[in-house]
Amino acid sequence: MSAVLEVTGLRKAYAGVHALDGVSFAVEAGSITGLIGPNGSGKSTAIDCISGFQRLDSGKVVLAGADITGRVAHHIARAGLMRTFQTVRVYERLSLSDNLAIAHQQFDAATWVDEFLRTRRYRKAVEASEARARRLVELIGLQRYYEAEVGILSYGQKKLVALAAALMPHPKVVVLDEPVAGVNPSRIREIEEALRQLNQAGETFLIVEHNVEFITNLCHQVVVLDQGLKLAEGTAAEIHSDSRVLEAYLGTTPEIAEAEMRTSA
Amino acid sequence: MTDLALELVSVTAGYGDNPIVREFSARLYAGTITTLIGGNGAGKSTLLRAIFGTNRHFSGQIVFKGETIEQLPPWERLKRGVGFVPQGRCNFPAMTVEENMKMGCYTLPAGRHVAAIERVANSFPMLRTKWRTDAGNLSGGEQQILEMAMVLLVEPTLLLLDEPSLGLSPKMQGDVFVTVQQVARTGVTVLVVEQNVRGALLISDRALVMEQGRLFMEGPAAEVRTDPRIRQAYLGGNIKQTAA
Amino acid sequence: MTVDAVYLLQLTLNGITLGLLYALIAVGLSLIFGVMEIINFAHGELLMLGAFAMAFALPVMGLLYWPAMAVAILATMLAGLAIYEVLLAPLKPDEFERSILITLGLSIIIIHAMQYIFTATPRLVDTQYGFEGIEIGSIRITWTRVIGAGAALVAFGGLYAVLRYTQFGRAMRAIAQNREAALMVGIRPRVVARNAVVLAAGLCGLAGAAISPIQLVTPYMGQFLIFKAFALVIIGGLGNIPGAIVAAVALGLVENWIGGFFEIVWQEAAVFVIMIAVVFLRPDGLFKRGGMRVG
Amino acid sequence: MKLAAALVAALLFAALPLLTTSNYIMGVGVSALIFTVAAAALNLIYGYTGLLSFAQLGFWGIGGYATALTVVTFGGTFWWGLVWAALINAAVALVVGYPTLRTNRHAFVIVTLTFALLATLIARDWVDLTRGALGIPNLPPPVAFGYEFGTTGRFYWIAWGFSVAMLTFLYALCTSRIGRTLVAIKQNEPLVRAQGISPMPYKLASFALSAAITGAAGGVYSFHLGIIDPLFLDFYYMQTFLIIVIIGGAGSFWGVVVSGIALSALPEVLRFSADFRMIIYGLILVVAMFVMPSGVAGWLRERRLARLRKTLR
């Protein structure tokens, strides 16, 4: 296996506070990699920097051999990195089929001239997009909503739509930002199963998630962040038995006695 | 620990059409510190906002000092003694510490401003050293303490704290926890949501554990601290399934 | 072209007085944007109402300047209160486009109702000072201009004091800086928004009253001033009060200098060119923005 | 269905000069057709792309003057005048749009508003070019292949052909992938960027196209009036376009077309004094923003969705 996404020495500070203080990790092609850590550990900042939604201060991001460091979001997407968002983002007032088609259109060869002339190239592109959309909709089990406006779906269903949209153009890596946060427990299993199937079909995922059980069940490789630093890295089993990880989640016992002395002094 | 400070009766609250906290019932006792814990998205912040009144209330009752307050706007609840320090930076960054403190007195009659500021500034000596500094130029920990001070000016009897130690160094976290303890010693009831669960439980009397918007477990802080299910609340997905 | 120093000085003084009156309008817009994140399109019509109120109050008051001005300010404040309670109070902070369209409708109604009732004939407003003025050498400025500029300066001083030293004004800055924190300390957003609109209306009424003896009073006078005020709000930085004042005075100067030497069309175009240049070079406005700073 | 209805409506409109000899009715017809095109162009930038542009008034005026000046001052034909009107406006839209769209949508609204009022002032004050307040009277009727469109009845055909062509073009655009992308940008710009699409070219293109079409519409309308003066930039026109879009339903192609035809005819039927008519327009705008902010089309759509929700749940 080779790394499809390599992140080296990622740094980002807001007003002097380090959100990321030199984080490096790699995502192997064909793997599911988890990125976990407690609140404020820098996970979201990391994927925002990788996907071009925030400027990084320093570091290097390489996607399938191409340096994409500091490029704008739509360039990075076109280079083959698709992402979802923590608070679900879909086009509420467009149909499910349109939601998926838009995610694909930047990746086919048809131009607007082709479209106006309805050339063969345009028709083939639409066919390919449609076939892919049908397949993905079947996978997420929303066939009966194919022509319905996405706005009428539930929160969990919208998360599935966002996932399907990210997969539309056969990206090299799909970055999922909290795919199961706020989703019904019964549905979490469905999402887990869908991701596993997609992975077996060759898709590569980088998943940021709070739900450690979900990550443990699914991921081949897990990276743990804490306070902007990489705390641990390894297989799910290794991470689960690493005491430092639990420490990070539950917090270290602060030196309260010491602090008391400081404040009374 | 018998005096009731706040009673939540089957509270359902959230945003828009989306209830996040569902039928949540709990009691807080006067002068105690209670920690509210639970995984991300469990509805902790939503519950605090519901008690202060800055989100949508669907059903249930919030009883404070023998009065139901769930229909009151936030400023009325503040006048009755419910103080809330939201998550993240919640001060006026382009105003000095002094001006921020004066804003904290907003609901007090003008005659009491000077005495209130004097009283609170005495318990937070750090503030005096930065009196003319813009709040936006303070460190994260200093801003957190300023925010708590701003709410304490009106002498609330119930203080709701949302992630007071988030983004602070361990040393500053310690200072914030000690401050919370000091506040509780003056008789204020505290309900705190904390990412540093261990630190929070160390200073707390009781703990409420939330899962999927509902109350999952409650008990004395010391017991909850050693309960193995807490580990699962953070590292596992669905407590009910794994616990069964 | 040789530049006559006296002529230049005259233009400069005229520019400053004009700029201060622009500033009164722009500051009001900035104040409302800071507190409510909306734009009041009908702000120019408040100015026009102020000018009309002055025009009607002066004869009744025996041409006495100050009482008539007080009447004009009071009248626009009442109009501002009515506008807030009926139209603006239901708006949420993110409804920027809706606020513009609603107040645009209001502006149409006010202009045409005034025109219907009072006709479009321009009115000349006379005061106790008539056309007397001060003369320094060959420079001449009418008292009405001097007093108008002076009243504007006093108003800015008063506004600064209110925003800086009173809970009433601090609450406006507080909401502009952090809405959630404002709720935390018990501020009632609607009350503060209403105060801001009434205060801004009062400033506009002052501007209208001060401008009425200088310019002809017509139902359309607000529209041509307001568009400059909009540009000034952009140049100064949305919601930035000192920025709007500095930009307004600078614009008054630039316009008068250009108008003194070039064709009038360049004078009108200047504000737009400056605005586009500012937007191009400094997308966030010329001055630092961020939560209605004063001083 | 809709297309068939549109075809029938277009043919009915084409038949108007055969049904009536009244210059007045045909004049109302010309206004209705031209205003509908201008409103549809505003719908492209506001309803689809989500950018509230007041600059349409400026484009309308520049288009009118550009066409008139091409014919009167520069000795070109009416048809070349329309081409210039479109090209100049597209260029102006790019110059104004590029810096402004980099900031935020608040700035866009205010800058376009300022632009519209500036255009009014220039029409009045740039006397060397526009002849100031007097305007340019007696615009000659357009001529094609020796046929002079000298009467209202004949000019009507130009207005009809122009609006059918423009509306067809806009319909094709709005229902294409480009139109769909504009809606996507309006709804969720970060998501659009995450899907590899750069929003800026789309926004600029829709602003420039909207400007070009509005400009050409202004050109046609100025020759319908036969005179152009600063009143051609009266805010009345902007208000009319806005009300058509808002009542019809921003973002709905057919909603705006239907309301364009209906609302341009309505004030003519009601025949109030100019001031009174404007007061009613203002009231309509205010009331619509409170009662029906998404227009008739939006209201119908909400009802349909509510039904759909019921059957799906």
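Letters A, B, C and D name the chains as they come in the text, with residue numbers starting at 1 for each one.
We take it that a residue touches a chain if its C-beta (ideal position, glycine included) is under 8 Å from a C-beta of that chain, and two chains touch if they have at least 3 such contacts.
Because the structure is predicted, anything quoted here is derived from the model rather than measured.
Q: If I average the CA coordinates per chain, which chain comes out farthest from chain C?
A: A
Q: Where the CA atoms of chain A average out and where those of chain D average out, how many Å apart are those spots?
A: One centre to the other, that is 43 Å.
Q: Taking each chain's centre as the mean position of its Cα atoms, how many Å separate chain A from chain B?
A: 32
Q: Roughly how far is chain A from chain C, centre to centre by C-alpha average, rounded to an integer in Å?
A: 49
Q: Calculate how many whole Å lie between the centre of chain B and the centre of chain D, each centre taken as the average of the chain's C-alpha atoms.
A: The mean C-alpha positions of chain B and chain D differ by 54 Å.
Q: Chain touch graph shape: choose line, ring, star, complete or other and state it.
A: ring
Q: If you go through all the chains, which pairs of them touch?
A: Result of the pairwise touch check is A-B, A-D, B-C, C-D.
Q: Show me the residue ranges of chain D that touch chain C in the complex, using the header's touch definition.
A: My answer: residues 52, 95-96, 99-100, 102-103, 105-107, 109-111, 113-115, 117-118, 121-122, 125-126, 235, 239, 242, 246, 273, 275-276, 278-279, 281-286, 289-290, 293.
Q: Residues of chain C touching chain B in their complex?
A: It is residues 167, 170-171, 173-174, 177-178, 180-181, 183-188, 290-293 of chain C that touch chain B.
Q: Going by the contact rule set out above, which residues of chain A touch chain B in the complex?
A: 17, 38-40, 155, 178, 180-182, 185, 188, 210-214, 240, 245-246, 249-256, 258-260, 262-263
Q: Would you mind writing out the residues of chain C in touch with chain D in their complex?
A: 39, 87, 90, 96-98, 100-102, 104-109, 111-113, 115-116, 223-224, 227, 230-231, 233-234, 238, 263-265, 268-269, 271-272, 275-276, 279-280, 283-284
Q: Show which residues of chain D lie in contact with chain A when the two form their complex.
A: Chain D residues touching chain A: 172, 176-178, 180-181, 183-184, 187-188, 190-198, 305, 308-309, 312.
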